[in-house]
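Below is one structure, written out as structure tokens; comments come after it.
To keep things simple, chains are lettered A, B, C and D as they appear, and every chain counts its residues starting from 1.
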Amino acid sequence: MDIGFIGLGSMGAAMAMNALKAGHAVRVWNRSPGPARALAEAGATVVATAAEAFAGDAVFSMLADDAALRAVLIDSGLLKQAPRGTIHVNMATISVALGQELAALHAAQGLAYVAAPVLGRPDVAAAGKLNIVAAGPDEAIARVQPVFDVIGQKTWRVGTEAYKANVFKLGANFMLAAAIETTGEAAALMSGHDIDPHAFLDVISNTLFPGPVYQGYGRMIADQRYEPALFKARLGLKDVRLALAAAEAVDTPLPVASVVRDSLIDALAHGDGDKDFAVLGKVAARRAGRAT
Amino acid sequence: MDIGFIGLGSMGAAMAMNALKAGHAVRVWNRSPGPARALAEAGATVVATAAEAFAGDAVFSMLADDAALRAVLIDSGLLKQAPRGTIHVNMATISVALGQELAALHAAQGLAYVAAPVLGRPDVAAAGKLNIVAAGPDEAIARVQPVFDVIGQKTWRVGTEAYKANVFKLGANFMLAAAIETTGEAAALMSGHDIDPHAFLDVISNTLFPGPVYQGYGRMIADQRYEPALFKARLGLKDVRLALAAAEAVDTPLPVASVVRDSLIDALAHGDGDKDFAVLGKVAARRAGRAT
Amino acid sequence: MDIGFIGLGSMGAAMAMNALKAGHAVRVWNRSPGPARALAEAGATVVATAAEAFAGDAVFSMLADDAALRAVLIDSGLLKQAPRGTIHVNMATISVALGQELAALHAAQGLAYVAAPVLGRPDVAAAGKLNIVAAGPDEAIARVQPVFDVIGQKTWRVGTEAYKANVFKLGANFMLAAAIETTGEAAALMSGHDIDPHAFLDVISNTLFPGPVYQGYGRMIADQRYEPALFKARLGLKDVRLALAAAEAVDTPLPVASVVRDSLIDALAHGDGDKDFAVLGKVAARRAGRAT
Amino acid sequence: MDIGFIGLGSMGAAMAMNALKAGHAVRVWNRSPGPARALAEAGATVVATAAEAFAGDAVFSMLADDAALRAVLIDSGLLKQAPRGTIHVNMATISVALGQELAALHAAQGLAYVAAPVLGRPDVAAAGKLNIVAAGPDEAIARVQPVFDVIGQKTWRVGTEAYKANVFKLGANFMLAAAIETTGEAAALMSGHDIDPHAFLDVISNTLFPGPVYQGYGRMIADQRYEPALFKARLGLKDVRLALAAAEAVDTPLPVASVVRDSLIDALAHGDGDKDFAVLGKVAARRAGRAT
């Protein structure tokens, strides 16, 4: 396929690279030019503007947040000039409100729009093992499925209203945040009773809670090792905030999300915003007087 | 081995049955006589008092809560007359304070004491697939290991101070409670956006959160089916309360446990105390105006 | 003085009327024309545009929320054409972020800008008994003090940086919300023990907590009477949300505000958003199974 | 009247002294002998056992907590031998469960029992300005009213079931705790925006929240001065815990109490349990990275 990639952070660059390797023709654009170089060496065409990338069969955007997406696609006027035949696949984690606004803007322009946020961190993206949660018109998703197939291990189709994929993603990240907070609190309980959290988390992650989250974040918490950050606390807070907003929009309280939000703000207040999401374990220990 | 079982609720009876089937000689006692019958038919010796069961190589007690254990073993004077050679294995989920008191009482009497709470519900117990978290003197645990091997799929040894196994168990049940509450909140967020929680939980439990908890409780929440109860909300509240007490004893706040406690009280207030722990999903929906 | 009033809701209209009665020349404007009539009868000059009201010695704006203020004063281009000599006194409860943006916009235009949110509901405004929390350039506040003196019973000067008055106001409203939530929870505790909340609140408001908040909201809660609304739950939620945002901007968790936010969302979810703020008492009773 | 006082901490001693000064014949007893001396010099009769103090027209007990009361009055067998004609007035802050148990024990012995916890700290007790919340048989309260009149400024009669006075007291202390926590959070918000909390609390306590709580605790928080302790955080936590238990007994969640409990545990974890209740302000500042 003839595709574009807009936004080449660690996630976007890994996805573009996998598309390239699979033989697709890839045009890439990034706000800062650096990340495009490695892709150029691998055969990508580097273009000078986001509008040039928004062409061909489909364009995949992976921008950092609502503000970046708004700047690059909406305020720039890009969407208003975009070619009708190009499917836009937005893979970023954005607010539900912006997800709904984007769907309306694309519809008004006659553009096919798919929301396809992903589950997985950069190492997973590099391995082409992401889980893709896709919503939008069936035929559009079917058209881009070959690219999804090289980016991810599985595509979860969750309906035709694109913004619902954004709700999914925020719900998932809320659950992730809650699991990390809970693990941190449980580890603090163990430490308080002079029990090595490694022993506790070993039992937990081999019985009730198998899988990558409790094992991976649990180990970082037990090790009290929060760098390098695979998923920064600051970005985790952003997603929890978006989940709370998505819930408030439908009059749904999320008390656990409120607690996690407060803990993440505590982390930022102590200068740990750029540490890993697992730093919630440090916040829990600090509340118990066992970290500073 | 020549062993006794005190307390034949659905968990205790299942464990005793597995011990019997493996060829151990089993004496059984229960406060109400009914549950002993099936075991008698399978070859167990029914005794008339808990003291008679507390004899032989080892006695396994699985009493409902702190009060039952205190009545049967302490206030009755049983521990003061118990034979020195019998190892007491306490498999119940009890408070950390009582766990410490029991260790001291056994030590004062020269009795070997093992705390060995289990992870798993009655169906898991019946299948002999429990995870056993054992703490106490190494030689005592080694002696009873053959029984553990037919009761459970694995024994996790967590040190020589018995009460630490109780801390483990309460920490695990706190994490379980938090996971159910979180799943309930996430399901409410989905419903609020007209997304079928089944679809969401299908993605979640096949990606971030594999394993029995999110899948099993998630399905009950998505189905809005809270009966029959495999683990009653009322007992879940008891365990969360014990986890909070265990944490307060070492000056450790557990904010998520506080939230879950409030939600469980809400469940009880609405007459759902004997429904399954998953009824936290109904509480989350009610907060959002979508359940009564 | 020669002054304008922009925004004639129940608060703005009452303030404008008091200014009129005190002999000031008052120009008034409102988005919908209705509210201006009574003021016109009392001698006010009704103008057709907000820009016409933004003239003379000073203009007082009392717009509903951030969006209304942004529409009328910023997006309309009004501020860019406003006369330099007119002091703008913004009495609305707005976000701290907008408060900071407004200060910068006025400074860029050479306009004197005062933030002066008020404590008190419409009945207090009508009586000219508001407490005014004012921040901005000293000389500007001094110029408009004669108007403040007929609108309020006291002006609290809280510095020269205008946005700080917005922080004050949001802090005050957060404390108000917390007091109502707490009163509702305490009343639920009393009802649970078959104690008449009136009796309890009578003791409380005559001992520990004198003053209008616990007495006034306490009575509504004890009466279970939430209409007519003097301060709508929906607006209370808006202010708590703004307080949380103001706190997050300086990395400060407000756990009680998080709890109140969740309770207010619960109120909205049950169709009570337009009932009085005191409806938090109903939410507390519902959690205890004693309201629907 | 001929009365006894059991328990001469700072509260009990101040009340006994006021009774003495008013001309009552007072027998006093305390577990440790020290506090009785000043009362002896003022004319009190020091007795050697609590049983000797439990005689005459009435005995007033002011013991530290449930455990002390249970030890002195119940486990000692004192209540079983107490003279029928003596009215027992229990002024301590105790659990609702113990309050109910005490009522039953007194009834079984034919003893008149009044629960009369007080609002006010030691300085208020010394001034004879306590507010007394009394429940029990009308005639018993009427008999001891002359003593109440010299101990307190007002007696609030709240029914004939004694334990309800305990519910009142716990409800009041919960509201006190919530107000202090809220004040601490608001002060943290102000500090975050470089606003002097004194200025904010000056406005608040002169407008929305007059009275001793916001003013007194507010000043301590603004001063960051938590010693000497007039009401220790450790005792505040005890009362919040009792309020939560009283609420759980009637299936009533108290989310704000849960938050305050967590904050108080945080205070204890940082070695501040013997500082004043106002130290919640330090906890709030610490969460925001501005205290250690």
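Following the convention adopted for this analysis, contacts are C-beta pairs under 8 Å (C-beta built on N, C-alpha and C of every residue); 3 or more make two chains touch, one makes a residue touch a chain.
Here's who's who by UniProt: A, B, C, D = NAD(P)-dependent oxidoreductase.
Fair warning: this is a prediction, and the values are worked out from it, not measured in the lab.
**Student:** Among the chains, which has its CA centre at the largest distance from chain D's?
**Tutor:** A
**Student:** Just to confirm, which listed pair, B-D, C-D or A-B, duplicates the contacts seen in A-C for more than half of them?
**Tutor:** B-D
**Student:** Counting in whole Å, what is the centre-to-centre distance of chain C and chain D, each centre being its mean C-alpha position?
**Tutor:** Distance between chain centres: 37 Å.
**Student:** Chain A to chain D: how many Å between their CA centres?
**Tutor:** Spacing between the chain centres: roughly 52 Å.
**Student:** How many angstrom lie between the CA centroids of chain B and chain D, rounded to a whole number?
**Tutor:** Spacing between the chain centres: roughly 38 Å.
**Student:** Name the residues of chain C that each touch 2 or more other chains.
**Tutor:** Where chain C meets two or more other chains at a single residue, that happens at 247, 251-255, 259, 262-263, 265-266, 269, 287-289.
**Student:** Is the chain-to-chain touch network here best called a line, a ring, a star, complete, or other?
**Tutor:** Contact pattern: complete, every chain touching every other.
**Student:** For a test of understanding, state which residues of chain C touch chain D in their complex under the given definition.
**Tutor:** Going by the criterion above, the answer is residues 96, 119, 131, 133, 156, 158-159, 164, 167-168, 170-172, 174-176, 178-179, 181-183, 185-186, 188-190, 192-195, 199-200, 202-204, 207-213, 243, 246-247, 249-257, 259, 262-263, 284, 287-289.
**Student:** Residue numbers of chain A touching chain D in their complex, please.
**Tutor:** It comes out as residues 255, 262, 265-266, 269-271, 286-290, 292.
**Student:** Quick check: in the complex, which residue numbers of chain B touch chain D?
**Tutor:** For this pair, the touching residues of chain B are 241, 247-248, 251-255, 258-259, 261-263, 265-266, 268-269.
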